[in-house]
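Remarks on the structure that follows.
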Amino acid sequence: MIDERGDRCPGCTKWYWYQSASHTFTDSSRTQSSSQHLHSSRMPLDTSSYTLSQLRLDGRRWNELRRIHAQISTHAAADGSSYLEMGNTKVVCTVTGPAEGRRAGGQGGGGDVLDVRVEIGLAGFSGVERRRQVRGDKRIFEMAHTITESLNRTLLTNLFPRSTLSISLHVLSQDGSLLAALINAATLACVDAGVPMKDYLVACTAGCMSAGAPPPPQVKADDDGSNDPILDLTALEEQELPFLTVATVGAEDKVAALVIESRFHAGRLDEMLAVGVDGCKRVKELVDEVMNMAPKSRASVRRAQLTRTITDAFAVKLRDLIWSRGATATPPIRLALVARPRVALHCSGGIFRLIPVPVGGCACRALAVGRLDARLKGAHWQGFGTMGSDGRAVAIEGGFT
Amino acid sequence: MPTQASINAQAQVFLSPAELSYLHSSLTLNPAIRPDGRSSTQFRPLVAEADILSNANGSARVCFADGTEAVAGVKIEVEKTQDAWKAADAALDVDDGEEYEEGRGSRRKADLSEDVWVETHVEIPGYREDDALPVFLAGILTEALLASGELKQRLFINRRFHWKLYVDILLLSQPLSYPLPLLSLTTHLALLSARVPLLISQGEEDPLFSDDWAAATLLYPRTGAVAGDKPPITLLVVTIGENIIFDPSKDELAVAESVVAVSLDEPSISPAARSGKQKANPQSRRNLRLLSLRTIDPPSHLTSSGVPTSLGMETGADDFGTAATSSEAIVAREGLDRGEVWSPPRGGLKRNMVVKIIKECTSEEGVGQEVIRALAAVG
Amino acid sequence: MPLEPKISVNEREFLLDALRQNLRLSGRKLDALRPLSITFDPDDYGVTEVQLGKTRIRAHTQTTITNPPPSRPFEGTLTITAELSPLTAPHFELARPSDTEALLSRLLEKSIRRSGALPVESLCLLAGDKCFNLRVTVHVLAHDGGLPTAAFVAVLASLMTSRVPATEVRGGEVQVFTAEEREGVRLQLVHVPIAVGVSVFDGGAIGVVDADGMEEQAREGEVVVVGNEVGEICGVTKWGGVDVGAVELVGMVEEARKQCEGVVKWLKGKVEEEEKRRAKRDHAGERSAENQR
């Protein structure tokens, strides 16, 4: 479905026609050169090797992704944020945290690992017809649950005990592949927030032109395209065709989440999944591109500098502190430098999180979260010092239970 | 005009009495000295874009300088008019298909159109949709939209059908300061960009629309017979001393003596005026029309007063007891002169201030015009 | 608020160690379901109780006549709701629906409704005016893992044995007959979807069919497969968890789907048996009435 107003996009001057790697079952004549890129106008499709009937309703070939446009750091007020378009599906994601748990008391935000919370809001104007989101919609709940569970295994949640990461997703426009778009947007925003993760969690949808049993291999030769799997479905295609949403971790064939809600012959699964996983690889490259192209704001550069200064000096400082508590051997100190504002500092079973908070312009507060070695259990210590070449004041404080 | 919702919930003040006092005194100077160096009528820079979504009839996104951001979408759908008796009544009055002619017809449209044709919803993260704040904000915005009555007349198709206008506003960030002006400006932009499909059926037929989206007409046309009027805007104005301050920041809200939400719109050129001055330029500046004015409970009410150590809590109580005369006792009780560093304002708005606010907002060179001009440039 | 009792680190390690040697604590094979049993309420239609190991689930179908939704005038409605109450385990609260409950409801509803197992068009009585509303309530009586499997068996058995009242449409009026006047009509299912879960352990290396409560606590991920008797997949859900290689995942889905086919076959046999028993009893009843005269 080519939307009549779809080709105008704020903040973007590019048009992409993306194509995933060819999947194994097709003849090589269909494999097109990858990732063609044009400016400002709709690209005339090369249909010489392709009859019109084998194009999809919006003019894509079977293995083409829709145009993906993404940005990070779109919201100044959030710790991490992203804006993602997959065709006409548009989502905004803001991330707050990792921060102290929202719920008071021992519950919530507690535990040994980061508590990931996902909220999804469907805007009333996002669909074709205006519809208010009903409270407690199970479909939305399931999507939020899927994103939470997938991120739980992809983020290094053990680095942030007793902390909460609130991810809030807003759907501005829906046109198929909603869950996939939400997952991709959440990943981008988490990277932007500086939450360490194993690899990108990326997702896309794959479908099939027919739900029946796949034809035996010898029939493949005079294939008319009616048995083809297709990549990245629009809302119209999702209504008509069986499809799946698959999320993978990084560019390998590691499936983090798989959601199928339609009925089709079991023999179709592996080719659909193959196309879906290929699509995820392509999405991963695009996400990488977005991260590389993300403009570095002056604030983020300054924060990065500050972070580096602190990391260098703090390692020494902390070791001194632990020594002074009577530790018998130098505890192994591992510094995990996180992409942006924060520093995670792993130290012998205890986790320290440094948050450079510019107080009065020069002082930074280091917040210790978690338990230290059993030896130091119950200790409460504090330290002040200057560090770095410019003599920034840093207060280090920790309270352990 | 007492209001249910207050700013307090989301704008907790973390300033010391000394800081509050400093802010307050510099803002009472003439001219006021604002913490960020703006003049009292100057707005912070904002980012705005219109017509961002293809799924909605009209849409807009506005980013304020403090990081708060909102997206508004306008959906316009055809709906059957429920009030059959009204329609039947009208049918008795009118004989033929000429009922929508100028003059008499437009009055009829006004009679038949209803407030329920416009629905506004506000979504704020962390709030339920039936919480007081979103409901109250949506109420203010709807009230402003309906005030002139021109919008709902525009939604009239025929006696049996009308357009239903849904305005959904999404606040994407936490409400750091009072989000009303943000939401209002976003709605304004979204409505400016809203389009309705071209009606190709006539009179009382079942409505039929042109498939050509390029032929769609703007809900607020910029040229043609009814050009001129614009959707309303709601501004937040703060008074401190004798000063009126527009677009208050969080700090300024914290010391505000009163907070006023002013809804304004630009009236369309009346047919009479148009016939009188044929070459009346729609671009010329005109006075704005005041739609509503309501006070909002400022967060400064909840700040605690700063009492010098010499007048601690225990001595503070003594003040009342040792007052020599009754007038001194009143002064002491009312906290008008207690030698405090900071005393939270009592609220209330002087009459001359109201006049001043209205003048500042509505005059043809005023702030309202400036904002409307600036937003018109976005679309 | 009572919390779910968690298994200890030692138990978890032991269980995982055993699994690495292809052993399960229950002595089952890795790809074996626990024994399933089903009982039908002898006096009522559409009331079933299913037992899978220690998990017990009761399902009940109720029929009412309502107005069809205006957007779909030619269809009846089918709603399936799952309930986990303190009866199941103390950490399930009535006031606050748990995630387990919401996910189970969603799984049942999307896999049975979206796969079109029961053609909702057949529930229409008078287009745009009257239709049947089928409401299946699932009560979890005891929870020891494998909720999806037990719930699907219970719901499908309930639907297969329930009766909608016989009706007659005369000149735009619907006449509904009571069970005494005319025997109710059996529902015609297009296919029978059944769910089987594969739990994933050891970073995606081990897949275990039909995990019990303890294994569910120790697992790192789950793939729930809904399959039917004609070799179709009606739904697959892997809500995150540990990542599994695509090839292994396809293998797990195929493994579970085959199990589904087996369960459907067993269930169909049980339902036929029950219907025969009912027919025989009803028949006997009629005969005895004649004898009395």
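For reference, chains read A, B and C in written order, and residue numbers begin at 1 within each chain.
The rule we apply is simple: a residue touches a chain if its C-beta (ideal position, glycine included) is under 8 Å from a C-beta of that chain, and two chains touch if they have at least 3 such contacts.
Since the model is a prediction, treat every value here as computed from it, not as a measurement.
Within the contact network of the assembly, the step distance from subunit B to subunit C comes to 2. Set against one another, A-B and A-C show the most C-beta pairs in contact at A-C.
At the centre of the protein atoms shown, by the Cα-centroid criterion, sits A. Farthest chain from subunit C, judged by C-alpha centroids: B. Centre-to-centre, using mean CA coordinates, subunit B is 53 Å away from subunit C. Averaged C-alpha coordinates put the centre of subunit A at 34 Å from the centre of subunit C. By the touch criterion given at the top, residues 49, 51-56, 59, 63, 66-69, 71, 73-75, 77, 121, 123, 125, 128-129, 166, 168, 170, 172-174, 176, 213-214 of subunit B touch subunit A in their complex.
Chain contact summary for the complex, subunit A toward subunit B: residues 3-6, 8, 10, 75-78, 88, 90, 92, 94, 96, 119, 121, 123-130, 132, 135, 168, 170, 172-175. Residues of subunit A touching subunit C in their complex: 107, 138-139, 141-142, 145-153, 211, 213, 244, 247-249, 253-267, 269-270, 273-274, 277. By the touch rule above, subunit C contacts subunit A in their complex via residues 1, 99, 102-103, 105-106, 109-111, 114-116, 204, 220-221, 223, 227-228, 231-247, 249-250, 253-254, 257.
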